[in-house]
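Dropping the structures in below, format is structure tokens.
Shared chain: subunit A. Partners: subunit B in the first complex, subunit C in the second.
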Partner chain A sequence: MADLLEPMKRDVRAQPGTGRNGGLIRRFSLYANTQAGFATLLILPALTVIFAVVFFPLVYSIWLSLAEVDLLDTSGPTLNLFGFNLPLYKFIGFGNYRDIVGDPLYWGALGRTVFFVAAFVVEATVIGLAMALILNSEFFGRPILRAALLIPWSMSRVVVGLLWLGMLSADFGALNAILSRLGLIDHYISFFQNGFSALNVLVLVYVWNQAPFATVLFLAGLQSIPKDLYAAAEVDGAGFWRKLWHVTLPSLRPMMFLVLVLSTVNGFLMLDLIFVMTFGGPGNDTTTVSWLGYVTAFNFFQFGPGTAILFTLTLICVVLTVVYQRLILAKFQAE
Partner chain B sequence: MSVQAVPYRQPVLTRIISACGIYVLAALVAIWLIGPFLWLFITSISYQRDLLALPTPLIPVNPTLENYGKILGLVEFNHADQARLVIASLGNSFIVAMAVTLINIVFGSAAGYAYARHRSRLMSLSLYLVLFTRMLPVVVLIPALFLMLRQLGLQNSLTGLTIAYCSFTFPFTIWIMKSYFETIPRELEESGLVDGCTRFQVFCRLIVPISGPGFVAAGAFTFVLSWNEFLVAQVLNSKRGMTTLPPAIAGMLGQANLDYSIIAASGFLSALPAAVLALLFQRYMVQGLTAGSVKG
Partner chain C sequence: MSGKRISGTTRRAFMRNAGLVSLAAATGGLSARFARAATPISLVGWTFRPDMVQAYIDFFNEKYGEAVDYSTLPWPTFHPTLEQRAFAGDIVDVMYCTHNNRQRWFERGMIRSLEDLPGFDEIKSAMLPASLSSLTSKDGAHVIALPYYSAYYIMMYNDPMLKKAGFDKPGAGWDEIIEQCVKLKTDGISEYPMLPNWNPTQTGTNPQFLSDCFAEGAALFDDANKLQADQDAVAHVMERWQKMYELGLVTPEIFTQASSTDTHRMMFTGKYAFHSNHCNYLQDTATDAAQSQLAGKKARITPYPGKTGDTYAWTDSYVMNAKTAALESAWKLLQFLGANLNGDWYVQKEWAISSGVQNPYPAFYEDPAVIASTEEWVDPAILKEQAGKGKVINAFKETWYPEYDTKVVPIMHDMIRKKSSVPEAIKAMTDLYQSLA
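== the complex of A and B ==
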């Protein structure tokens, strides 16, 4: 590549440009035609956008979590940026974080979150793997079923929640209708009345929405396992379970790790289903940390404590992300 | 295939049982995946009073399109104003999702191309930052975005929402496009440069025309993400009629006097475009999913 650039570099020295303006444009177009220059110009717009809508808001959010935010008070110090003023509010250090740690509601929410994440990760992995194993075997209609995998994933979580409210309704739910027809129940169950049951319903619905993603990853992993391994295992007299344990699962280890990390992060962050299905109730029985942060910030408009709660979650996710990134980058360098 | 001549064959009976077994399992998967979606459709074409009969009919007794008529403003009823929001929100959703997709395709693919072809310290550092943003929870940015857009006067506007959506779509587009461009052989660009094209011309005339699949993968993916997004829209565009479809549906669920069947019809309308896109571009979506290894 480097030798291709040589004539252009010589060009710059040979022709300094006629007019001042012409020189600038010419220099720019020459710069744009070098490999490094062209690459820089291509990433510049995207990086500007990412800086403006991710990195700056991130820093500002961290600041908000360390401040006493009163949304109606505009008299405090401001940060002037290109002609518009961003309120900075009153800096109070780690006060918000201290308040959270002293709040029993936070610890209760953390406990529920840990339960939710654990149940979700286990169920999503097991169901995702089971679906992948089924969809990896030969049968008539497999392409249709593989396409159907994308249906739960392609829906907005609001619609996912709406749909399961309909499935589980105590008045007209399909699940109640089927169970009572089979004679398994005498009267319709209301799944959201009991706090623990409501939390488990949320797990189940989120698994319905997310397990197909695990299946897609597992299917990609399954297709790369050489058939010889199974043939060899069969010669040795291995049945289904032994093949699964000794051939399939070890080969899927990288994918398994990916699924576990991703579903853990997703589990910690889930909150739109809570908005649609339970609103944190009954009582506080489905209030997870993410929901607590959301309600504090946007229902009670306490931005300081709200963002602080959300940042305790972010910390967990960032740690997991570092692990995850090692994984992705390792894969990316191997290619 | 070194072990081609496998001497062991399963007994006939075992094979028949396992053949039946796989269909039973496949049927279970089909019910699990499609059943709930089907129930949404069934409730959306039923009258609420029929749904409330006991035992609940699993097949609609009087199929009707009245619920769709109600939300599209074709059938008058009490509380029609609440259902009327659906049309406006549908339009808003479409505009925002299209705008976000276009911006992503143009700038995201440019950046993806640069990352696929050029390595330097600056490039790998910024790529690391892009990767980092991919796993950053969007919800933590919402308070800051809310105050920033309020100060800019872009709260409750589609422009503001489009800008905010770039925060979680850009990293995916860049990553998907980067993976795609890496599959194109470098010789193509080298021959273009030798023939006297500038790098910009090489990108526009040689690379872009053969990158259709990459654009489809990234575009369909971005569209579905923005179409389905709920939290950001709920917080930033809280004004009536300025929001997208997911917050509008969530709002309808909070109205005690709206029938479930009407909300189900809105839900089905919201699910349809994304489902069609996902099925149409299934292969590309799966590529996007695996390449972009998604959160959320």
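== the complex of A and C ==
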């Protein structure tokens, strides 16, 4: 590496700065000439992009959650970025958070969100693992099945919502037609008639959409488990369940951690299916925290409280990630 | 290189043609379109039929020598995005705007009054008073928009279904209609004969409730925009809704429909006998046999039942940026879109014929092409009569209204499903209003 950089270093030395900026350029050249300086230069473009698209929006949105936001109020302080005014609004501390904590609607939405996430994470993980175990075994048509498995996951969630709305419709839904022709129902069922039913429909549709991703991750994990472990277990007389419990699941811990974290975060943030399928209804029965944050921001134009509502989800996700890490990954790393 | 042909021409031919073009320009030989340097103006709308909009914008640019740049934004974030852009200094000359955002935009100086613009008095006098009131600022002093469309609630019925049950025509009032529905259900002709627009969107439950109250002669908001929920007529409407649901006349699916168009589509499956909804976007749904079991005018319109038969109406709009630098061009575009600049209701006719979209100019309904198109799915005379019975509220001009509009829906849904009683629902509505206003 040092040899490769030598010509460049010589070039830098050969062009000393002149005039008022000369000292600055010289200092920069000298810094760039060091190994740390050159490494910094190399990662600077990437850091700039990360700052622009990740760090800055994150900090700005945290700021919004602590401010009284009125999109049309141009009287407050602004930040001028490349000729565009970025409003900073009036700082009000934790006022927005205090307001949402005192709102019974928020706590109702949080209860439904917790139910939704718990049901979704358990179902997506169990079904994803089961499908991965099946697809990891040898059978005819496995490649086709593996490819087909990805179709639900690769579909836009708006399309997924519309597809299932069509299938579950009480007017012309395929599911009702099948159940009716099998003689299992005498009249078409409305799957969205009460909140509990509607919320569970949302869970099932989301599992249908997301479980294949868990399967892919588990499949990758399964393929990295050494065959010797299974052979040794078989020598010891282990059957399917004991191999699963003592070999497969412990070896899958890092992947299990990843699946749990991703599905928990996805579950908390799920919004599009509600938008397409229930609009938060009937009543408030499928209003989750993400939906409440969305309508607060975009229907009521209360961007401060809306952002604060959504940041509570971020906080919950971070806490749960730490819990998962402690429960699953830390033990694995210790072993 | 000199001897090679470049893009099908030679350097000599290029020089010759350039000379001819220069000569033509100097002698005025080019078309007016190129000779006139139109000031570019921008039009931003929410994404709905952008192909059709672009086609009539092209027509406008061609005919009037303007340079309108049309673009769209997704509906869910349309208004906040435009507000952010305005804050950042971007000037969109002409914009779409829903009724419940106009006042806010006007108060904050984002859009301008149209009162001082040439020819505006003529446009005002051609419009239905209710719509004009809707387009006026809260203080009543300024008209701040021109209509994109007007919407009002209508009542439709499934003619073959009623005939099958032995009814020649729909019941004259709500009691008779409910009796007919009970018979349709009892006879097994329709599982859910009644389809009120109880979906949770901005054009659903709350406008349906306002309509049913207006139809009974009750205004839910007074002239000062105060909620007047404690009226016998309001309680009566709520009790009727509870009764319809309790009798199993209304499908539970209605509570989660994501749009009023979805509710329209339910009606045109042919499984329902009565349907109340706003009047727009029915043209293709109602007339296309591939989409509708009731194509061929099997769904009919009837005057809205109730003491007065009035229904709730609203007008969504085109507005002009207060900071536009091309006032003349923007005003011309606004008139083309929202009035009758072209003299033949060009834009309104496009919408009416393609989608059955209504507007608040009675003269428009005299147009033979519009009448012929409307007759394909509805009785134009009843539609026009119902348009005249449209009632507006001014409460939507208040800053608290969007939140009220959304949060009142669960209160209504819980009341309909008897999770709360009528007095509890009225109290909850009143508490909600008081917490916001």
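Everything below uses one rule, namely that the second predicted complex is superposed on the first by the 260 of 335 C-alpha atoms of A that agree within 3 Å, B and C clash if a C-alpha of one lies under 4 Å from a C-alpha of the other, contacts with A are read in each partner's own complex, and residues count from 1 in each chain.
In this text, a contact is a pair of C-beta atoms (placed from the backbone, for glycine too) under 8 Å apart; a residue touches a chain by one contact, two chains touch by 3 or more.
Quick caveat: nothing in here was measured; it's all calculated off a predicted structure.
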Next item on the list: Considering only the touch criterion stated at the top, classify A:170 as touching first (subunit B), second (subunit C), both, or neither.
Entry: second
Next item on the list: Pick one for A:181: touches subunit B only (first), subunit C only (second), both, or neither.
Entry: first
Notebook entry, point to check: Looking at the overlay, what does A:276 touch: subunit B (first), subunit C (second), both, or neither?
Noted result: both
Next item on the list: Could you tell me if A:319 is touching subunit B, subunit C, both of them or neither one (first, second, both, neither)?
Entry: neither
Notebook entry, point to check: Which partner reaches more residues of subunit A, subunit B or subunit C?
Noted result: B
Next item on the list: Tell me which partner A:192 touches in the superposition: subunit B (first), subunit C (second), both or neither.
Entry: second
Note to self: Just checking: does A:295 make contact with subunit B only, subunit C only, both, or neither of them? Give me first, second, both or neither.
What the structure shows: second
Margin query: Contacts for A:232 in the overlay, against subunit B (first) and subunit C (second): which applies, first, second, both or neither?
Written below: first
Notebook entry, point to check: Which holds for A:216: it touches subunit B only (first), subunit C only (second), both, or neither?
Noted result: first
Checklist line | Which superposed partner A:85 touches (first subunit B, second subunit C, both, neither) | finding: both
Item checked: Overlap of the subunit B and subunit C footprints on subunit A, listed as residue numbers -> 84-87, 169, 171-172, 275-276, 297-298, 303
Checklist line | subunit A partner contacts - residues on subunit B that touch it in the complex | finding: 1-3, 6-8, 22-23, 25-26, 29-30, 32-37, 39-40, 42-43, 51-52, 55-58, 103, 107-108, 110-111, 113-115, 117-118, 120, 122-123, 126, 128-133, 135-137, 139-145, 147-148, 151-152, 163-164, 166-167, 170-171, 174, 182, 190, 193-194, 198-200, 203, 224, 227-231, 234-235, 245-247, 249-250, 253, 260, 263-264, 267, 270-271, 274-275, 277-279, 282, 285-286, 289-290, 293-296
Notebook entry, point to check: Along subunit C, where are the residues that touch subunit A in the complex?
Noted result: 76-77, 79-80, 83-84, 86-89, 104-105, 108, 110, 191, 199-201, 251-253, 255-258, 266, 269, 271, 402-403, 405-407, 409-410, 413-414, 417, 419
Notebook entry, point to check: Taking the complex as given, what residues does subunit A use to touch subunit C?
Noted result: 71-74, 83-87, 105, 169-172, 187-188, 190, 192-194, 198, 275-284, 286-287, 295, 297-303
Checklist line | subunit B-facing residues of subunit A, complex | finding: 1, 4, 29, 32-33, 35-36, 38-40, 42-43, 45-47, 49-50, 52-58, 60-61, 64, 84-87, 131, 134-135, 137-139, 141-142, 145-159, 162-167, 169, 171-174, 176-178, 180-181, 208, 212-213, 216-217, 220, 227-228, 231-232, 234-235, 237, 258, 262, 265-266, 269, 271-272, 275-276, 290, 293-294, 297-298, 303, 306-307, 310-311, 313-314, 317-318, 320-321, 324-325, 328-329, 335
